[in-house]
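There are two complexes below, and they share chain A, which is joined by chain B in the first and by chain C in the second.
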Partner chain A sequence: MLLNSVILVLREVLEAAMVVSLFMAFTTVSQQSRYFLLKAIFLGLVAGGFYAYFLPEISNWLEGIGQEITNTMIHLGIFLLLTGFLWLISSNIVLPNRLVKAVMMGAIILAISRESAEIMLYISGFRSDHFLMQSVLSGSLIGLGIGVSCGIFLYHLMIALKPAAATKFICVLVVIVGGSMMSQATQFLIQADWLTSTEPVWDSSHIISEHSLPGQLLYALMAYEATPTWSQIVVYLTSLALMILVIISARFLQGQPKYD
Partner chain B sequence: MKNVFIFTSMLLISLNSYAAPPTFEILIKDHLFYPDELIIPANTKVKLLVKNQDATPEEFESYELNREKVIPGNTQAIIFIGPLSPGVYPFFGEFFPKTAQGKIIAEEEGK
Partner chain C sequence: MKSIRLYLLMILVATLILVMFVSLLKGYQSSIETAQGLFDERLVNTAELIASAHVAQTTSDSAQRPTSDYLFFQIWDANGQLLTRSDTAPHIALSRFEKGFYDVNFNGFRWHNYVYPDPLSERWIIVGERSDVRSSMAEDIVLATILPAFFGIVIAAIFIWWLIGTGLKPLKNLSRQLASKQADDLRPIELADLPKEMNQLVKIINQLFWRLDQSFQREQRFAADAAHELRTPISALQIHLHNLRKTYGDNSEDWQVMQAAVNRMSHLVNQILMLYRTAPEQIAKKAESIDLYKLASDVIARDYQQFEKRQQHIELIGKSSTIYGHFFALETLLQNLLSNASKYAPTKGHIVIHVHPTEKGVRLTVEDDGPGIPPDQYERIFDRFYRYQNENSDLQLPGCGLGLAIVQHIIEMHHAEIKLSNSTFASGLKVVIDFPAALRK
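Then we have the complex of A and B:
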């Protein structure tokens, strides 16, 4: 039970930790206070609590596909906020601008809400079993610890760079995370039967299995699928292209941005 | 006008029944799946009705099927899968993976 909790919590934490550490690094590079990000983390946990609490009702919406549609909305929301973030900073609108803060906070709240809801539901399942609860809680704490450490590692990796390079690196990672969000949203729409399911285009599970550690890390970073469908690939590439287009056009309209 | 309405409704109803995929039930009880091997027709979209009879939540997950869905305790969930090529597709309960293991076997009809 201990190891299982470590893996489950780590998987959930990694994805949210990516978004948080990216924005933490951006705030540090911009020499601004990180207080608003802590507020967003707290609000994300509160939202996650609500999501977990109302999940039985939410699941029943839309004839039983409420959960898929809510998850699609969350992922789409993160994508739009990340795209907004790219537009703003490429237009040379930087911190402490309130709109920049708002899109950063929104993305963190959404990212944390879904991942934390799953962890809360998982742990709450053991509330009547005190014996198992102990190992589940220790496992979850270890998983949380490893996930947060990965985030801190990424954070230090980014702030070790020069501000201009760090901002570019953050933008690249934001684009990758944004693409991953849209790929997951597509997956949920297929699961809900709102998008037609098709045969997988390829099967790379013999090279990198989704069960393996590299597979899991790649999943957290860029929603790696060993057996993706056409719709996922098309949506993934289109969203990457869209975000790059947003960066280029914002720069074009604004002239060359100054990073420092 | 009335006829148009009746015709449209009939068309919609018939389309709906035509589109309704076959449903298969899976039970979750004591952190086990019943059945733990489910045979479904290959190349056909099917609707899984997963009933969690435990008080604890479970997450139906499968890397091979690309599916994940949290099913709170004492509730049921719908998961659409397929059309699948013939083969074996393992799934598991992410919250209790030691015991909650199963597989979908997609078989061509007549075999």
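Then we have the complex of A and C:
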């Protein structure tokens, strides 16, 4: 039970930590106050509490696929906000611009609300079983510790770079995380039977298992699946291409390169 | 990076958590495997024990034996006949009759079984344990070793915080010493028990202080010497010009231009001397209690001739107001402000000076009814050698553009605030200066 808890919590925390540390690093590199990000984290946790509380009801929507569709919408929302973020900074609209702040806050609130709701629901499922609760809490704490530590390392890795290089690196990671969001949205649609499930294209579990720490890190970064389907691959690559296109168009319209 | 201490704490605790938790997970996995191995061994022993204890009994002894909820056993003869069982076991064989471990489901749980063929009695012993109970027992044992690690991390974080603070103490001491230095204190820093990582830093700072001190001294010497040395030939020039005019009775335009140029040069040298004498180290050294009202009155009395020459009306309003400052600097400030007011106010114009105490210190106001200055020029007129020339006025006023720069300089040294606005007359400039009661050290 401890291992299951570690894997579940680590997966959720890493995903949220990735988005938060990317924006934290961007704010630090832009020499702006990080207070609005802390506010977004708090709001995300509150929203997560509400989402977890109403999830049983939400799950019954659309003939029992309400949760899957809501999760798809949340991931799509994060993807759109990340794309908006890339458009803004590629158009030379940077912090402390209000729109940039709003986009960053929106992405953090959505990411944290979904991930924290999953964790809250998982832990609350063991409320009545004191026998397992200790294992679940210990596992959750270990998953949380590893996830947050990875986020801290990623943040310090990015701010250790020169500002121009850090901004480029952040953009690359935002593109990859954006693709991961869309890939996960596809998974939810397959679960909801809105997309047909096909045979896996490959099986790389013997190289990197989804349940290992590197597997979890890759999942948080790029929605790593040892056995992906065609629809996931197509959606992932299309999302990446779309975000890159957004950066190029914004720079083209801007008329000059921004970071150099 | 806002704080080295916070940065080190975060990065060290994150490293500690990552390394410790990943090791804990690895340890957990191997501990669980070991515990499962021990439980399997216990099942084997139980089966062998049941076989040896039951060997003398016959089938007539067959009865349901009470056992705990998570354990069962069955004894079968060679023909597949159930001889006896525990009350938790079913009547059917839960595994095939072949020696080994098996996992089966019954009674709503998953069970881990061991099938043991007893060669002496030719019977089959099947013993089993509930898998979830086995896992929980194994986890309980392992968790007992994991839980102290969580508290250990909290304690380690507190220790790391304290140790980083201790390690950064020399840096704190250095910063405290630098912060407590007076503006004129360029003596080298002396710190006891300096760690070798900071030796070079302190050495460079001290070298910088020494070079700064040398360059200040050179600058002061140069300014003072140059001004002093220039004063003598300028005075001689003024006297000889005067004598030449008397001798030849020449009052041509050329002579007037030359006279104005010499006067301007003399004024410039005087202002440079003032600028040197109002250097921050001079002010800090010689600060004293000064009645600004009385000082203003003295300055007006001394320079009264310049107002009288242009038939200007000058008025001093207020009462005794004491501030802590540098006498010569404040005298220079008043002289420059009044001289400017007199220069720009028209003949028969008005100049009003207010001096009165406020809640925070003393307020000095100087107003004139001259042409005034447009608000967009307020910032620029404090620049050195910048002179504002009114576009609508043909009046060519003497001056070198240092007067208000010196005023600004003196204000900064006294931590005062200056504000410019339109005067209460029909036109003109109003200068308001708020002095704090005590000069901050």
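Quick note on the criterion: the second predicted complex is superposed on the first by the 233 of 260 C-alpha atoms of A that agree within 3 Å, B and C clash if a C-alpha of one lies under 4 Å from a C-alpha of the other, contacts with A are read in each partner's own complex, and residues count from 1 in each chain.
Keep in mind that, in the parts below, contacts are C-beta pairs under 8 Å (C-beta built on N, C-alpha and C of every residue); 3 or more make two chains touch, one makes a residue touch a chain.
Source: prediction; values computed, not measured.
Of the two partner chains placed around the shared chain by superposition, chain B is the only one that A:His211 touches, whereas chain C remains out of contact. Within the superposed three-chain model, A:Ser138 lies in touch with chain C and out of touch with chain B [touch as defined at top]. Partner contacting the larger number of chain A residues, of chain B and chain C: B.
Shared-chain residue A:Val148: touches chain C; no touch with chain B. Contact with chain B, but none with chain C, is seen for A:Ser124 once the two complexes are overlaid on the shared chain.
Within chain A, the residues touched by chain B in the first complex and by chain C in the second are 1. By the touch rule above, chain A contacts chain B in their complex via residues 1, 4, 8, 55-56, 59-60, 63-65, 67-68, 118, 121-122, 124-126, 128, 187, 190-193, 197, 199, 205, 209-211, 225-227, 229. Chain contact summary for the complex, chain B toward chain A: residues 45, 55-57, 59, 63-64, 66-73, 75-83, 85, 94-98. The touching residues of chain C, when paired with chain A in their complex, are 1, 7, 10-11, 14-15, 17-18, 21-22, 24-25, 28-29, 135-136, 139, 142-143, 146-147, 150, 153.
Those residues of chain A lying in contact with chain C across their complex are 1-3, 6, 131-132, 134-135, 138, 141-142, 145-146, 148-150, 152-153, 156, 159, 213.
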